[in-house]
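Chain IDs A, B, C and D follow the sequence of writing; residue 1 opens each chain.
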Amino acid sequence: MIHAADFAIKLEKIDKRFGSVHANRSIDLAIPKGTIHGIIGENGAGKSTLMSIIYGFYHADSGSMQVHGQHYQPHNSQEAIKAGIGMVHQHFMLVDTFTVLENIVLGAEDGWKLEDSLSAARKKLKQLAKDYGLDVPLDAVVGELAVGLQQRVEILKALYRGAKILILDEPTGVLTPQEADHLFTILGKLREQGTTIMIITHKLREVLAITDNVSVMRQGAMVEHVVTAETNQEQLAELMVGRKVLLQVERGEAKPQAPLIEVSKLSYIDSAGVKRVKDISFNVRAGEIVGIAGVSGNGQSEILSLLSGIITPSSGSMTLNGHTIDAESHYNPRSIRSIGVGHIPEDRHKQGLINKFAAKEAYILGYHHLEQYNKGVLQDKQAIEQGCQQSMEKWDVRPADTSLKTANFSGGNQQKLVIAREMEQDPDILLVGQPTRGVDIGAIEYIHQQIIHSRDAGKAVLLVSVELDEIVNLADRIIVVFDGAIVGEVSAEQADEQTLGLMMANIVPEHIKNNRAGR
Amino acid sequence: MSQAQVPAWVSVALLPAINVFAAFLVSALLFMYIDISPIDAIKVMWTGAFGYAEGIGYTLYYTTGFIFTGLAVAIAFHAGLFNIGGEGQAYIGGLGVGLVCLTLGEFAPWYVVFPVAIVVGGLFGAAWAFIPAYLQAKRGSHIVITTIMFNFIAASLMAYLLVDILKPETTMATESRVFAASSWLPKMHEMLSWVGVSMSASPLNLSFIFALLCCLLLWLFIWHTRWGYEIRSVGSNPSAATYAGISYVKIVIIAMLISGMLAGFFGLNVLQGELHQIKLNFVEGFGFTGIAVALMGRNHPLGVLLASLLFGFLYQGGAELSFEYGVDRNIVVVLQGLVILFSGALEHMFKPSLERTYLKLFAKKASPSEGVA
Amino acid sequence: AKPAVVYDTAGKFDKSFNEAVFRNGVEVFKKEKGVDVREFEPQNEAQREQGLRRLAGRGFSPIVAVGFNMASAVEKVAAEYPDTQFTIIDMVIDKPNVQSVVFKEHEGSFLVGALAAKVSKTNTVGFVGGMDIPLIRKFACGYEQGAVYANADTKVLQNMTGSTPAAFADPAKGSELAKSQFSQGADVIYAAAGGTGLGVYQAAKDAGKYAIGVDSNQNHLQPGTMLTSMVKKVGAVAYSTWEEGMDGTWQPGIKALGLKEDSVDWAQDEHNASLITPELKAYVDGIKADIISGKITVHDYMSDNTCNY
Amino acid sequence: MFETIILMLDATIRVATPLIFASLAGMFCERSGIVNIALEGKLLAAAFVGAATAHVTGSAWLGLLAGIGISVLLALLHGFATITHRGDHVVSGMAINILAAGLTVTLGRHWFHQGGQTPALSGDARFAPIQLPGAEAMADVPVIGLLYSELISGHSALVYLLIITVPLAWYVMFKTRFGLRLRAVGESPAAVDTAGISVVRMRYSAVIICGLLVGIGGVYLSVAQTAQFIPNMSAGKGYMALAALIFGKWRPFTALAACLLFGFLDAMAIRLQGVSIGDFAIPVQAIEAIPYVLTVFLLAGFIGKAIAPKAIGVPYTKERE
């Protein structure tokens, strides 16, 4: 039995409701000093909420907390910071228009004169950067930095405030393996220095890689605490979902036929004049899944947007299902859909759904103009209702309530709704972006199976994901992109984290050199 | 999410009622301060607005105006746009109506002029909304500011036209010549007399019916057509709309054109219906009040109708007040301000306490449902 | 008869001629006849008519409508209520039950113009008008004539404040215009601009120069620098209308009232006594007599919309 | 010619002063993320209360205090609606404008029986023009004389107050901790909140500063520029100031420049009234409209680009909608 004071943080019977949602149910949690502690759980399990309570952002309805043995009851983040707690939020809390320096100083200034605070901070940060290898351009405007760097700014912010306990909410959700690894080394260094770290993630691989202990949440309650060394992915997964799950979806041989997507010399220059996509060529055949791997921000998003008609190419052309499109041709997402292309967008919150809408309204997004949903000038409410109801049951979207606001479905179920909508139209071509981002593994398993099925049903599937194991799991061929151009292509057999990691850094291993994209 | 347990009517009907009541309460204090018994005042206002045919006529006449400007703001809201330009659009739309009456009206009867005026008035209003819409859509200029600016520009333009162009030599008032009587919209009391019902004269005219029609059509448009769907999509999540192949530019412009058109109809009621000539400042703030109307009406055509009725009551009742008491007309302006404050800006103030009390009183059994996750 | 009055939307306290009707008409009438006068101030265009209609409907008569803005409303309602007597001020309406009263402001303006020219040391006098309409140009034209009559080489600076009714209630602009005229050498300014005039008088005070008021006697506003006021006795007109109404002598038709009828005049009271030397007084009264006797004829701008005299 | 230009500029200063105070006020408010179309109403209310108090107490300075007081009160009301109760900023602003328009006249009539006007102010009850030392003497010295005696000298105390106000506003906004936090709140309230700073307190202090500054502008209208309150005497200056603020891209000195430009146009319009070049009469309305047209052009990005604070107009809430 460890003495209370040896715990960096200790929670007892923490309870929190949001209106009708019981986000946290009398949570008990104790975290030994100087350890990395993982918190896992399905979407909506209450992880973020719990962390926000510790950070003084929300207030627990009941229960008590201790930090380093001291009674602790923060009324706001300021008090949490004073108590030596720092937090890196799932969605970054930065002022985009400010410089890195200004962001870090904000709220931790000494003295009312800005100049002094800034120069003082500059010195201190130089030191921190050295200690933890956290180097960031202090005078760069945050909005213009890559997510990886922005996250470092968040961590620096916490450390600058002298955090002894660091909370990270889904830190790797937006990172690439390289960035993630860098993060982990940083965390490692921090642990050596005696910092206690709590990390929320959906990726079991990471949990096993870096944590000392893991706590599992389900539907607002703490279901289990385990020592990382004594557990494995399968067990954790089962604890999270409450049933057995297959982490590796088994898939048979692909039986590719004629190419349905043919891209040749496609380029895209954005409004800022930057060349995002550099004349790439590849194709996807009916009945195969082609994955596009790459560090996020290397053009894969643009490729999806081009193919789905959200943006138009600057040069080059693409042939979708027999229709050739180039810079001259007029087209948009609607006309693209009409030629048998389905698109599961990378970000369901930004693109896939409309939080205000009821499920049934969100269900016809992008297809609302089809005759099946309209009677003359008026909408056919009945048809819409039925269509949505059926799909929700068929795709096991929970709750299967067609008039529930989309915002109130969990991430995973929101995602299922989107996938159902796109696949129900039975397109020949399926564009899939980040199908499982922020989705718990219960849902992941299901979604992966569906993608395989549609491949076997003879659809051409283009998969974009920053989750390497997802790509390796699903894709028959993998195209790696770097800085908007194709680095190379590997077959499923050749694919392994290490090779892909190198290629994502624009280094092509010998044994790959000979195969060529877009055959 | 706590709404989930409170029935809709509480927030849709009870809350607004309470807000309006609060507004009246505060203004009651003001009335007492300037030595007018609020009770008498409200009596006078009520009987003045609803007590007799002519009063009702005036009330509904004002209501008509508010419906147009209120609907205009509402439709823009659904596209996520804040159209403060109702004032200017109504002004310019009125110019369109006026020009039709001044030209076509010379030789054509009202039933020919009316449809043409509807089209032209609508077009003029829409045209005035187009530029801000275009700038918002294409260049991201904030529509609130641009529309404010366009109100002022419209005022200058109209002043110029009325002073230097439309004003006949003979008159000194800044107003156009009177339309030919044949082009005037039939008044409600005239129309009723055709069917044998007699009602005392009031400015209430045919355009009231047209306004009601607009409510109905707009309701259908917003919630029962794919275009309404597209507008609401853009309004609540532009990037998702783009993903769905809905053109942001197109929708923003369409929504604003409709908005401007509705505001443009304002002139039908006031000019072709009542004043029968274009006058300086004939919009008189109805465009601005339209924002409050839309807000109180929760951007729903039916709500807008009811809110318009309330403001119609305030206007007519207020006139009655100053007529009977000779009290300063501006006290009514204060009352309007308070209504906008409480039911617009402070609409959420009583919400939490109201819901809590409601739950205490009626909803013992309603146990909080589990998380949806 | 039940006397009533409908003011212009400017309101009965416009420091100008609506107010003149109220103070010198309504209040006096109430006091002397002990009869109440029903007043109405419309707050928007529709209410001009509404007010008239309500009053007529309730049997009020004669009803005085103040200002040219009431014209179209009176025209309509007069037709609807043929046996109600209407009197409109500053506008001519040809209806069997409407009496139209217009003033010979040019005559009064001529007087103050002459006075201004006599007082001016710089041979430069100024005129600040309100809304740029024939009626106000009529003031300006008469003023100019008077100034030139008194001193052939007087320079008369003229500015209008605006082209909409707002121009009658913008003292800030008024003082700006006055300042610019002063800087151009004027040392007396005549303001025919309603509330805007207040700014002119203030500017005159600040600059230690002279100003001339209009409509009602405004001498008291800035004692010491208000040279005089060109009073236009709208109040008296309203008064007589109601009086005629009571003893049944009210007549429709056009009344044009000037110096002869003592309906326009220049104001002399304790506030400007110190400024008006006996010579000046004699001089101005002399001109007044000549105009009444017809020895001097003052050109009326509105007769041909030009100021060629 | 030179003289007329000087006189124009002189007028420009007088006309622009209330605009400058108002748009500085707007800057603090909007930089903190609160839309403020209520400048108009605050100007009006301050003008009324200022004049009324000055009349009753006979002291212009007390008038100034009272004027500032009322506009701060209105600012707090705006805050109460938009910050505490997350009401819509624009609607709250409109409500305040309408309230001010109605209340000033109603109370004015009740108190002074002059149709909403306040009695004319004179002597110490008014900020009279201040003749700087030697202005008279220098008046006849050619160029500088005129410059000094007409343009520099002869303005009211409130005008000279601007000489410190503008730089001060700039310093506070860009060189102090307060300024940093204020700007942050307008860009990303969540970031400020998690940094342990109270969003509510920041925004309230912003609206209070706003009320203070716009209050001075309002009092200037009735107690300095003219010598009494006239119903609706703000006549759209609040909106004009807003335009200037945007035209100045939410920065003090550029906003100042915009105000002066607009003021100059106004001064020009006043003088061009009824003036005709040859036999072609230039419509003043055209000139009057220029500021608004210019602003639209700017917003359209034809003259640079005006980027508003990101979180402006969005009520801040921790709960997800």
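By definition in this document, contacts are C-beta pairs under 8 Å (C-beta built on N, C-alpha and C of every residue); 3 or more make two chains touch, one makes a residue touch a chain.
Note that this is a predicted model, so its numbers are computed, not measured.
If you tally the C-beta contacts for A-D and for A-B, which one comes out higher?
A-B
Which chain maximises the distance between its CA centroid and that of chain A?
Centre of mass proxy via C-alpha means gives C as farthest from chain A.
Can you work out the whole-Å distance between the CA centroids of chain A and chain D?
The computed centroid separation for chain A versus chain D comes out at 47 Å.
For chain A and chain B, what's the span in angstrom between their mean Cα positions?
Their C-alpha centroids are separated by 46 Å.
Give, as an integer number of Å, the spacing between the C-alpha centres of chain C and chain A.
78
If you average the CA atoms of chain C and of chain D, how far apart do the two points sit, in angstrom?
35
For chain A, what residues touch not just one other chain but two or more?
In chain A, residues 18, 355 touch at least two other chains, as defined above.
Could you say which residues in chain C touch two or more other chains, in rising order?
132, 163
Two-or-more-chain contact residues of chain B, please, as numbers and ranges.
159, 163-164, 332
Under the touch definition given earlier, write down the residues of chain B that touch chain D in their complex.
The touching residues are 30, 33-34, 82, 84, 131, 135, 139-142, 144-146, 148-150, 152-153, 156-157, 159-160, 163-164, 288, 291-292, 295, 328, 330-338, 340-341, 344-349.
Once bound in the complex, which stretches of chain D touch chain A?
It comes out as residues 174-181, 183-184, 187-188, 190-198, 310, 318-321.
Hey, which residues of chain B end up touching chain C in the complex?
58, 61, 159, 163-164, 169, 171-175, 178, 201, 203, 270, 274-275, 277, 279-280, 282, 284, 315, 318-319, 322-323, 326, 329, 332
Which residues of chain A touch chain D in their complex?
18, 55, 57-58, 76-81, 87, 89, 93-98, 102-103, 105-109, 111-115, 117, 157, 355, 407
Touching chain B in the complex: which residues of chain A?
17-23, 42-45, 219-220, 308-310, 332-337, 343, 345, 350-357, 361, 364-366, 368-369, 373-374, 377-379, 381, 399, 404, 408-410
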